[in-house]
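Same chain, two partners: subunit A is paired with subunit B first, then with subunit C.
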Partner chain A sequence: MAFENWMLLSRFLIQASLLKLVTSKEVIIKKRVISAVLAAAMVCGLLSGCGGNGGGKASADSDTFRIGGIGPVTGAAAIYGSAVRNAEQIAVDEINEAGGINGYQVSLQFEDDEHDAEKSVNAYNSLKDWGMQILAGTVTTTPCIAVADKTAADGMFEITPSASSTDVIKNDNVFQVCFTDPNQGSASAKYISDKGLGSKIGIIYDSSDVYSSGIYAKFKEEAASLGLEIVSESAFTADSNTDFSVQLQDAKDAGADLMFLPFYYQQAAIVLKQAKDMGFAPAFFGVDGMDGILTLENFDTSLAEGVMLLTPFAADASDEKTQAFVAKYNEKYGETPNQFAADAYDAIYIIKAAIESANVTPDMSVEEIGTALKGAMPSISYDGLTGSGMKWEATGEVNKDPKGVVIQNGVYVSID
Partner chain B sequence: MKNKKLKNKITTFLIVIAAYAIVEILLLTGNMSSLLQGLLVPLCTYSLCAVGLNLCVGYLGELSLGHAGFMCIGAFTGAFFSVTTADVIQSDTVRFLLALVIGTACAALFGFLIAIPVLRLNGDYLAIVTLAFGEIIKNVINVLYVGKDSQGWHVSINSQAELGLEPGGVTYINGAQGITGTPHSSNFTIGVILVLIALFVVYNLTDSRTGRAIMSIRDNQIAAESVGINVKKYKLLGFTVSTAIAGTAGVLYAHNLSTLTALPKNFGYNMSIMILVFVVLGGIGNFRGSVIAACILTLLPELLRGLSDYRMLIYAVVLIAMMLFNWAPDAIFFREQIVAKFKKGGREV
Partner chain C sequence: MSFIMYLINGISLGSVYAIIALGYTMVYGIAKMLNFAHGDVIMIGSYISFVTFSQMGLGPVPSVVISIIVCTALGMIIERVAYKPLRKAASPLAVLITAIGVSYLLQNIALLVFGANPISYVSMLDIPPVKLAGGELTITGITLVTIVLCLVIMAVLMIFIKKTKAGQAMLAVSEDKDAAQLMGVNVNGTIALTFAIGSGLAALAGILLCSAYPTLTPYTGAMPGIKAFTAAVFGGIGSIPGALVGGILLGVIEILGRAYISSQLSDAIVFAVLIIVLLVKPTGILGKPIFEKV
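On to the complex of A and B.
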């Protein structure tokens, strides 16, 4: 990168000096010719200046694995991308400190995609110029679908920490760390039915969000076959996610005794608050997006008492791995990691496990690494922050057990 | 006078063709980074948008903040056509060309329909109505579910489940998740050809009798009416052509990515304003400027990736600096001085 900028800078300097020459009266060339030459020089400079790294792929150091990450670190979804970037960095630093993967060091480069498919493809191309061999991304679903198309074309191995739609894994080179949306929906319905948590169910979901509507659609389907009665279902969108009194009133009037809330914790916090204000006290059941509600600023955690959620990760779990990760994350970035961070941390270690199992080396081409890792994935089993004994289908879907937790006295307690 | 205009036109075409030639040479010699290769089609897309909007803002004199909405219509109709006929029409090129025609036509149709009531307004009022219209398009597409099974087509505006598809049915438009699996048919050559066609259309339009009528309405509507110009007709014409070009850009956009969603980011009013920024920066009424500004402002944030966290900040600063350099009176004076120096240097030959 720095190299590119220097090239650009030097080109500009040359052009500037040319301009000076031109303006000094000694030079006798027609003005128009000069400006044409200048324009051409500028275009060439601009284009080839950033093309300078094009051939750099072959000369990538043969003793380092280059892992790329893509996610939103600016814009509305920045909190997810930043969490993933931080956690990936922690994992990579740990691996390098411990001697790397099979003795090879790992370098990580993370690019911003602003939660936009087009920008995500740009980020991917930019990482390719950097010499990326494996992609640990992208964070959000829609951009991931666009990028997955590109990685499939290049034969690159891709593992996404948190893009949960099934469209993401339709190519065989992409694997997920998180559950797919339908999996979460059906797991939630089964869980509620098996444990007898409620009989009249009210649902609020975000119709403008792929994640939320994906879970909702599957939940509804599964609930019907399990004989759960859905008495109220109402939607909101990204533009109307600050007031839920209408939806809650509807559920209250319908006599719901369990509210299913398949969306993120920021909105869930408002729902809980408004439900309490109107004296509506059903059981609340969330999915992994609910994780984070206890660390939300200015949120009265007593509101979340008794809320149940399915989550692969709980920051206050007592196992050694989680505690070490949370402590490290806290020390380095000053906040408690969320589920995205945990997924991303696992993603890097899963790549490590796959590399070790397939015995690939950094001097292999992107396609060779991709094919080898793809083949190795179904045979590995990994214990991480977000599940133990995680295994993968060849399709890219992960098999791990959802953990049901209930919030008691401000901490997660396992329901089982 | 006429000669100068012609020269101006030819220069613009030559610049586009020269840029195309340079890019192709760099591509053939393998000197172009993947980042830039990926940006080639978006460059054409945004150039098209800017040219389209410039016709509306610069010649019709009406401020539209809904062009992202028309781009959205073009994108969705084009992509919808492509995914539904993927099995029927085997040839990628033929399918894409048809999608282009359909997307452009749909955007033009909507532009026309919207323009009938809306062009009774002007100035700020028109800007706000078009802004609202763009948002409506985006929101409608976000709740639209379209699928097909052996029973035929199913449409819903509530949920995918409500489509009631038989097993084996396919959902083509899935609400907020949009259209996935659009074939990747856009390429730089087609993009450049479309830009050239759009430039050809707008140059000829503005240089014709029709164009002069449109401009006369912009300059003084009452005077134009008094000499018997059909104000409504020419306004409609100008606006429709402008939206049609935005629709073409949308089709190009949709066929460059395998996923198409109507997010505030890509088809919201922010995008409309971005297109307006291209137009204003490049010069209102100056098509060549629009193309150049669109290219520079699309390239800039990507070329600044090296600055990582400060990227968007620097981008904003550069935008302000460029706007000042281009349009501040002092900056214009400074530039004129430089140009005068040039001329002096030349004259001493």
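On to the complex of A and C.
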């Protein structure tokens, strides 16, 4: 977390300034001690890093596909990682019950990365030791960018359910189930314009986050070409993400009738509360990061009444596939699956479709499987929970239609 | 009209900083140490009030009282276990490092007990917002409560220090610990009392903070803690009116900076102002000049 590092830094600065209070001779000695300790810590870090990479490779069974998953199961983004882990498990169990992929069973191993790039790479290495052949992950963008470089170097096929930055798919072995950030920005602008949801738009975004600022930049560009009027735009950063009174006041003064909130639900929850407190009631429109707001602990869901968000998945959709998945998820994990779960469920089935299309077998090497699957991706078309007729560019980007949902009485309801 | 709104929001945020800064400034003034775990005591206070109010369904008053009692006890335990044994240590660094250790300990205990998922904090004060100037100016109930409470706490604390024996003992210890001991002041007891008051106020600050900015994680106290520490230095560390002035100025600068200069650079602006103040007046706005003892 950036702000923790910041805190650590400021503490070190304070320590350093206190050191100066001590006489100069002591300072020199203490500085030496500190630098020795730091050096020792760094050496330890390097050694342990090497230890993680140096493990031997387990021999793969010749009759099982080994799919790995990585995502935050603990930490602030745990809601996404656990959803992905649960849904991937459901999909794998279903496939195995139905006789596997081309007769081969699938085994799934999921590792926690706490939404941290370094831990994610460690998780990737330990999955490789386990014998992973295909990666269905990682869940969040920043770790995914780090891991994508590793999979590219190893030639492993990777499909991420939910990491949405274009940086994730800059290597040709990585594919996405979710929309890219720019795609979400332009789709949101189009949606707002097509449905006439608002004419004076206010935007708040997180300038310290790639995801949020990526969507914001594209939204602004698209809004200009669609003739939507943006009356207020303001940013916040990870260090100042608990108070939005200034940003909301600015939007209120500008007479915004729709607030576009391209960031995560934790902050959105505060925005909704503060807006209500100051008597500001525009329409609120979020993107997939808003998904999760209804399950935020102790959150007063009436605050989210009427909030719209663009998500490819609505748990209340009436099609058989969605209903079966929601029922199964509910039964097994006791909650309604969110969009990340649906993306992850699709990811496993997309791997299945690609394997069937490319006719790969588990005894092939990681690189052979990777080459065959990435060759097969642009030619497959898949009907899943998060879109029908999903198709992929060779770059890894997905083509599917976004769906708008609105929160009514604490549940998602399709706008269309 | 917006300017007035920003100003009120700034004073409200600054009042929270001021209450937190009291904890830093009193402890520094009396024990000459920086208690970096103070920000995390705030977080613990918020969690306790969340558990008692939202989960156990106690009323606002018992919930606040329990939070204050728990935090007061916590502050005294931290002082007794982690700081007191180090008071005679040769280097002031020892106790500083311990304070950082306690801070991480509290964060990780909270992480273990309450988990990392953020909690949406529901304010226990259900005061309707005050509307002025035909609805253009909406001041939330919690804003008013925060400002009033901050002023009341300051006044009570000043009277306490001026008029009571324990308060006088605090002053004496802050002037000269050894001389105070020779005069029969219970120095250890006075330091423990300081920690108790500071930590009890931290519980209040935590509740006010989370009511105004309703999210609670194990790291909730960290950033406000650092800002309040800054406010204490800004106003002159060791001075109680300094904490009030520093806190409110910091809050106002932060909000106005965000509104009129850049919403992304508000922290940079706050700390730039701090640097300038310290360059011009190294002891802070209301700090006493330090005379070299010969």
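Please note the rule applied: the second predicted complex is superposed on the first by the 334 of 416 C-alpha atoms of A that agree within 3 Å, B and C clash if a C-alpha of one lies under 4 Å from a C-alpha of the other, contacts with A are read in each partner's own complex, and residues count from 1 in each chain.
Following the convention adopted for this analysis, contacts are C-beta pairs under 8 Å (C-beta built on N, C-alpha and C of every residue); 3 or more make two chains touch, one makes a residue touch a chain.
As the structure is a prediction and not an experimental result, all values here were calculated from the model.
K.L.:
Looking at the overlay, what does A:237 touch: subunit B (first), subunit C (second), both, or neither?
P.N.:
both
K.L.:
With both complexes superposed on chain A, which partner does A:220 reach: first (subunit B), second (subunit C), both or neither?
P.N.:
It touches subunit B, and subunit C stays clear.
K.L.:
Using the superposition on chain A described above, determine whether A:75 touches subunit B (first), subunit C (second), both, or neither.
P.N.:
The answer is both, since A:75 touches subunit B and subunit C.
K.L.:
Touch check for A:320: first (subunit B), second (subunit C), both, or neither?
P.N.:
neither
K.L.:
For the three-chain arrangement built by superposition, which of subunit B and subunit C touches the greater number of subunit A residues?
P.N.:
Per-residue touch count on subunit A favours B.
K.L.:
Which partner chains sit in contact with A:167 here, subunit B, subunit C, both or neither? Use first/second/both/neither.
P.N.:
Touch status of A:167: first partner only.
K.L.:
First (subunit B), second (subunit C), both or neither: which does A:331 touch?
P.N.:
neither
K.L.:
A:207 in the overlay: touching subunit B, subunit C, both, or neither? Say first, second, both or neither.
P.N.:
In the superposed model, A:207 contacts both subunit B and subunit C.
K.L.:
Which of the two partners, first being subunit B and second being subunit C, lies in contact with A:97: first, second, both, or neither?
P.N.:
Neither partner.
K.L.:
Identify the overlap between the subunit B-contacting and the subunit C-contacting residues of subunit A.
P.N.:
Touching subunit B in the first complex and subunit C in the second, residues 1, 4, 22, 30, 74-75, 207-208, 237 of subunit A appear in both lists.
K.L.:
For a test of understanding, state which residues of subunit A touch subunit B in their complex under the given definition.
P.N.:
Touch list, subunit A to subunit B: 1-2, 4-5, 8, 22-25, 27-28, 30-31, 40, 43-44, 46-48, 50-55, 73-75, 111-112, 114-118, 121-126, 128-129, 142-143, 145-146, 148-149, 165, 167, 207-210, 213-214, 216-217, 220-221, 237-238.
K.L.:
Where on subunit A does subunit C make contact in their complex?
P.N.:
Touching subunit C from subunit A are residues 1, 3-4, 7, 10-11, 14-15, 18-19, 21-22, 30, 74-76, 78-79, 207-208, 234-237, 239-240, 242-243, 245-247, 249-250, 253, 266-267, 269-270, 273, 277-279, 296-300.
K.L.:
Okay, in this complex, where on subunit B does subunit A touch?
P.N.:
The contact residues of subunit B facing subunit A are 18-19, 22-23, 26, 30-39, 42, 139, 142-143, 159-161, 175-178, 180, 184, 253, 256-261, 263-266, 299, 302-303, 305-306, 308-309, 311-312, 338, 341-346, 348-349.
K.L.:
Which bits of subunit C are touching subunit A when the two form their complex?
P.N.:
The contact residues of subunit C facing subunit A are 2, 5-6, 9, 13, 34, 36, 50, 54, 91-93, 96-97, 100, 115-122, 129, 131, 135, 138, 140, 142, 212-215, 217, 219, 222-223, 226, 255, 258-259, 263-264, 266-267.
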